[in-house]
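Here is the structure we will look at, set down as structure tokens.
Residue numbering begins at 1 within each chain, and the chains themselves are lettered A, B and C in the order written.
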């Protein structure tokens, strides 16, 4: 059969690379073919999600942050300084976490979705027009955020003026100085040319962009065990591939940006410099708990426990 | 040609699409329904409600957008819900607008071939067109109602305003339904009267080249 | 399936069905045949709603509203009087000024639909009075507004840049040359038109008269200041500038000139809402139709049969131009870019074409497609706002389309038209 798979990014960005690997694996190991639909070809993130729920699409990649309007607990990925930056620890965490592999699938199932995997897309960098090293440096800086209460709350806590703006207006708004900053993973900063309209890239280590791949649940449950096995194997292979692919992607993107714009300045804040940001982030965690109640608390606690295990696992 | 209208007579010489400026004289006059008795009263009430939604929708959109700018510069705080509110207003304006436009015979059509036909054929074709359009509008009303209920079932909320998405869609099935009703009434009007009607109150008959200032 | 859908749409269109019906029927037939029945029509509704979701669409009702207030009041007339005092004695002067104003306004506001309204509604009555034919005026307004696609900021170029990984800054600069060239050719055509049709000129105004006209226009000169100063000065986004214009127009006409009372404001808002509804339902229906084309992978199927792999760079550029031109005639330009650019990317790479040149040519096709029958948003807007029949709006279009197509061909053979400025700015 022909299966359809939509994602939120262009074909050569991280989600696209994952999807291509998945397609390759499924097609090599079964008679099924997969059609890929990159960003915007079938609508925005919320649209492809709904199309997956109604069974028009068999597979969809949506970042949990966007899923927050459907599954509030998924917003836990917007809580700053929760996820570690170390790639290896992250990969271990995503593979072994009880929260991700047991708790979230139940929540997704309630929405008619089979959660196949979650994977990281890279550390979120902040690009601005002026350098900053502390929340004071962000004072009166308008940073574009998605229309999401936790992101807005985060940047308010960091000292900036959060400015929700549709993505289509961001490049122009940075060019004309309506806003002075935005945040995204490094590969996205490179591919969307955000470096052309900002001058400083700062890593404060507050988040690692996470995304999730799902299947329509009725479709998935209707498959034979063999076919489910093919999908599972393909997901595993694509996961390994994407972790490997991302190893060095961050640096590669930096190199590309430097080549295109040598004056671009890259700064990674030290642990000490990060401390005031981390402290400010406590308020955001509180906000998350208020928004999601008991369910949120459970997920958050479990994730922290899983993270501890992943960290001790890789260091020990 | 006069833009004043006299709805007392069913065949008042209303012309759609002959105004020379964007200023809209027709809509400014109080709408008078051509439907009899209580039906006419309901029709007028709905027309009033639609125009209220249109006007306040546009004014609120301006206010909301300006308030966001003021907030950003004066209070250093963007209105976090501004974008979502505008999205809701666009839906309200569009779906109140299509029904209101159907009533005024203002929906865009390509009439070159139609206009060249003899009167009798135009009449038949017009009945076919408005009935076909009514069927599609009723169909869309039904499926948008289904879509709205699906949304309600999934419980999706707007991220900033935290209100359920389905409530922002309430006007969609209503707008389609009211539009379908307008086209259905236009079909009936065309079957009852001698002339050809674009809507229950607007006669066909704009011309291509006549243009007075 | 594609052939059936297009045939049905064209027949319904020609018979005189309301324009939304061919589009909705096209989408409906698509959904029906893709999913074997009515089961997925909810997604059709979803895509209609998605069509009117982009926040940048707000600029359309806002500029319609502002322009309508200005036209009902005195602001527009005073601004035009000022322009006329300088160009009234030049043959075709008013038409050339209109073209330039559309290009500038469109470039800055980022919305060609808003331009059709904001510049078109005050200037069209004046051009009629001056003796220009209505079809010429409408075509001039619609086509000049579409030059704005090429002049920064351009949303089409931003999307192309992101999908193809091309520098947006370079694209922006590359668009200026062809944009200005088209404006010059339009101006030349306007001059020819005015000469051939013996459009009368006004006597040359004295400097005293000109100064008086400028003084009269001092208040309304705030509009270009808000729009150009506000956007390039980093105070507003284009959408916000539109709302600021509404506020300023209200202040001028209600308080300063006392031309409009609150009832007038209410009625203007209502008429704005009506026009917005008429246009946006078409945007919505168009989005559902685009989804069908994209989901069924029709472009991929059509292009697979063209044999583009065996062509040289010139051939590839021609195929790209034609594909985007036809695509934008029927489908929303943004979707066309998102769907087609990745399909062409490998072959563009293989024959070694400059992606900036390709982006410029694609943006030009988008501009042409939006002004070309049968389906074009700017045509719809002109019909809705000026209350003119479809045929009248489209009748004057051919000379402009010919000019645009000539520029397309020139760009293919003389890429320097686009790349000259880019090479100058980005020389190492």
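Just so it is clear, a residue touches a chain if its C-beta (ideal position, glycine included) is under 8 Å from a C-beta of that chain, and two chains touch if they have at least 3 such contacts.
Heads up on the chains, UniProt names are B = TRAP transporter small permease protein; C = TRAP transporter large permease protein.
Predicted model, so just to flag it, every value in this text is computed and none were measured.
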{"item": "Chain nearest the global centroid, as defined over all protein CA atoms shown", "value": "C"}
{"item": "Taking each chain's C-alpha mean as its centre, the one farthest from chain A", "value": "B"}
{"item": "Whole-Å gap between the CA centroids of chain A and chain B", "value": "42"}
{"item": "Length of the line joining the C-alpha centres of chain B and chain C, rounded to whole Å", "value": "24"}
{"item": "Chain centre separation (chain A, chain C; CA means) in Å", "value": "35"}
{"item": "Contacts with two or more other chains, residues of chain B listed in rising order", "value": "83, 150"}
{"item": "Contacts with two or more other chains, residues of chain A listed in rising order", "value": "50, 54, 165-166"}
{"item": "Shared interface positions of chain C, touching two or more other chains", "value": "42, 46, 53, 55, 235-236, 239"}
{"item": "Chain A partner contacts - residues on chain B that touch it in the complex", "value": "72, 76-78, 80, 82-84, 150, 154-160, 162, 165"}
{"item": "Of all residues in chain B, those that touch chain C in their complex", "value": "16-24, 27-28, 51, 53-59, 61-62, 65-66, 68-69, 73, 83, 86-87, 90-91, 93-98, 100-101, 104, 106-115, 125, 129, 132-133, 136, 139-140, 143-144, 146-147, 150, 169, 172, 206, 208-209, 211, 213"}
{"item": "In the complex, chain C residues that touch chain B", "value": "13-21, 24-25, 28, 38, 41-42, 44-46, 49, 52-53, 55, 57-58, 61-62, 64-65, 67-68, 71-72, 117, 121, 124-125, 128-129, 134, 235-236, 239-240, 242-244, 246-247, 265-278, 280-282, 284, 374, 380, 383-392"}
{"item": "Residue numbers on chain A that touch chain B, as the complex places them", "value": "46, 50, 53-54, 68-70, 111, 140, 142, 146-149, 152, 161-166"}
{"item": "Touching residues (chain side chain A, partner chain C) in the complex", "value": "4, 10-12, 35, 37-44, 47, 50-51, 54, 56, 165-166, 168-169, 171-173, 175-178, 191-193, 196-197, 260"}
